[in-house]
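Here it is, the structure in full.
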């Protein structure tokens, strides 16, 4: 790509189990105000807006109607990407590289506390064949976890280590929702939700918003002291019906990563990437997604979970922010990973900083067992 | 599909029908700004809105943190709205339609209207008068509140409708 | 746009009240196959998918996920867009952006709505903010009723003119194999005898809820010329939202506010050197949910002077055989699968430019066309399509 798209500012609200004190617009505006202040832009300076929310979660048709005024959409260009937030960042990149827009505001929000998660997720299953089985994303994830663990011999302890590591890292993250002091034993003794997924294998209900401003290369250099460049991005769909998928693998993630890596000239992720922020709502997803991202071979996610390479100070620290498990709303999770990657590459990640990070990976997924996977490679040079 | 669909439909073959009801409850927050409107309506039977410091527009539907047109912070400048006005425009529903917030199909007998309040601000609400022959643009109307405190707390719906006042 | 993008294939389903013979994925699959056949491409050639659908109408979460296999998107990139009535335009816009950004060569825009799965009026009422507009909105009909009242008052248009609009739309619909409502109306009396829904909107003044899908395949300049003998070029497009008017949703009875349509024309026409639309553009496919709104839109898009929209109808200027044909396809009044409707406008305009619209082809030669979309509350999208750039 001749020209690059740059991220000039990012903001997140502190994730919280119930922000009953604000509506969707006010929640998003907390983050929007921050990026405007940081860049010195006003809403009138923005020439396109990409929002990220879903009607079923907000409980309203055309959910972005909630936000029109706080994103400055009057006489402006705005639409919603109804997937996880990382995809909205991808769309913003395309708008900027197309030459049609210079400065794009990207917004994602979700108030999981407002709706009944299981009922909403149930609506994501095929109405004729799957919905009446009473599936939600957790029970589907349990099917995947069981399949994955059985096929490759991944143990509950290895999955629990992901939880402990993420909560531990989250203590350094001022935006984290409620990092706990827990051990592998705590996870293994916690209440069984849907076998093999236990309560502490999952994330709590969370409310929050994440916002960023994406700009053309020229504009980015003017607006930010340290713009971060989107070097390679792609996403990929898997098929819908659980019975048609090999749940122990994540082919969509493999494909999305391959495309993003090739755009960014990455052929050895462990060596060339300095920090990775990946989205995991369930503990088994960390070893599984790391296999998909090529951090290890097929079926070796458990071994990687046991090793020190992905810890802070290791060869490729995963989720210095603590990731999604301590609490991130779905829909925002992927964009929050991009925001954290940006902070790392700007050297502004405080106590969770990976020293000298130059290349970062951000990952997000949408839907049942990660049906739509997205990977983004970012760099600060 | 709404009953009595207006288009001509061909003979319907027999289908196996499976009934699967799954109501989805939501818990929406009003937030600070709309929350103030709700509080004033419930506690004081007053209708309030906030005013943009730049363009001075009063944001009735609904009070917000950012002025939609100026795109600046609205701040916390609140205005009490008059409770009388004139009917600027009205219409009336003939055909029953399903309302998803109330969960039923009905034709609201109270005509929806745009009321020009005495301070020049437009309010969307409904009229008490259900006899369409008595409706007229320009007629003077007054807000009628839900008097029972326990039943208030519905924001704009704390005003039941606007009553025609004889001059 | 940095890179040039062309429409190289279009496909639609036969829009209708109920498609009990197919599920959502199968219905959309029909349009995908039709578009591939039109472009003479195989599904393997499609590199990315942009979905357009308003999921609230069918009550589905992530509806694009459910149809990945049927549509041919397994193992491929894509995402779904939501944006009210303008969703489809925004999806086509993104399909163009993905190409002109240099990310893909060939993208497919997949749009649909299967209204028999739900209740469109209820879905639209659910667009009202639950915390302050509960019980205040009776779908789109009441909002267009208010627009009609304002238009009647300001322009002097009569119910007879609205009826004439329906007659014109029906003539086009009866000649269009894909349109939903083919009423076979003989005279305006039939329209004037249909019952009122919300006064003054009569049954025949308003669009239906249709089940239908429309798919457009877009390609970069270098691929477009290889794929299709008659690529239709996307010269430009614009999307403009707006804050609702103080005293209306689609019409401003105070006469003091600016319409998004005016802002859209200001940008699109200016950027493309259009100073006299009727002379420089040959045809329009506009998004008109009601007969009264069509007359208003003629004025908003500068097809005529203010308050004269009804005169164009009276004189037959916008008929298929007219000087400035509008909605030869029958328009939205005849078919409205909401998520697909803006894409249908673009597809129909493209067919007109190609001379491939069959029996509803405009009499004049169409080299340049405008396709518009309308969303709530009065959001506008406009596409400018050309036979050659």
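In order of appearance the chains are A, B and C, and numbering begins at 1 in each one.
What we mean here is this: contacts are C-beta pairs under 8 Å (C-beta built on N, C-alpha and C of every residue); 3 or more make two chains touch, one makes a residue touch a chain.
Computed from a predicted structure; not experimentally measured.
Peer 1: Looking at chain pairs B-C and A-B, which one is connected by more C-beta pairs in contact?
Peer 2: Counting C-beta pairs in contact for B-C and A-B gives the edge to B-C.
Peer 1: If every chain is reduced to the average of its C-alpha atoms, which one ends up farthest from chain A?
Peer 2: B
Peer 1: What is the distance, in whole Å, between the centres of chain A and chain B, each centre taken as the mean of its C-alpha atoms?
Peer 2: Here the centre of chain B sits 38 Å away from the centre of chain A.
Peer 1: Between chain B and chain C, what is the separation of their C-alpha centroids in Å?
Peer 2: Roughly 29 Å, centre to centre.
Peer 1: Find every residue in chain A that makes contact with two or more other chains and list them.
Peer 2: In chain A, 23, 56, 59, 68-69, 74, 120, 123 touch at least two other chains.
Peer 1: Can you tell me which residues of chain B touch two or more of the remaining chains?
Peer 2: 26, 28-30, 34, 68-69
Peer 1: Among the residues of chain C, which are close enough to touch at least two other chains?
Peer 2: Touching at least two other chains: 123, 126, 129-131, 243.
Peer 1: With touch defined as at the start, can you tell me which chain B residues reach chain A in the complex?
Peer 2: So the residues of chain B touching chain A come out as 18, 20, 22, 24-34, 64-69, 71-72.
Peer 1: Which stretch or stretches of chain C touch chain A in the complex?
Peer 2: 1-3, 23, 49, 54-57, 59-62, 64-69, 73-84, 86-87, 90, 94, 96-98, 100-103, 117, 123-124, 126-127, 129-131, 238-243, 258, 260, 263, 375-376
Peer 1: Mind pulling up the chain B residues that touch chain C in the complex?
Peer 2: Per the touch definition, chain B meets chain C at residues 1-2, 5-7, 9, 13, 15, 26, 28-30, 34, 37, 61-62, 68-69, 88-89, 91-95, 97-102, 108, 112, 114, 116, 121-122, 124-126, 132, 154-157.
Peer 1: Applying the document's contact rule, which stretches of chain C touch chain B when the two form their complex?
Peer 2: Touching chain B from chain C are residues 17-18, 20, 115-116, 118-119, 121-123, 125-126, 128-136, 138-139, 141-142, 145-146, 149-150, 180-181, 195-200, 203, 208-209, 243-244, 246-248, 253.
Peer 1: Residues of chain A touching chain C in their complex?
Peer 2: Checking each residue of chain A against chain C gives 1-2, 23, 54-56, 59-66, 68-69, 73-83, 87, 90-91, 93-100, 120-121, 123-128, 234-241, 244, 251-252, 255-256, 259, 366-368, 371-372.
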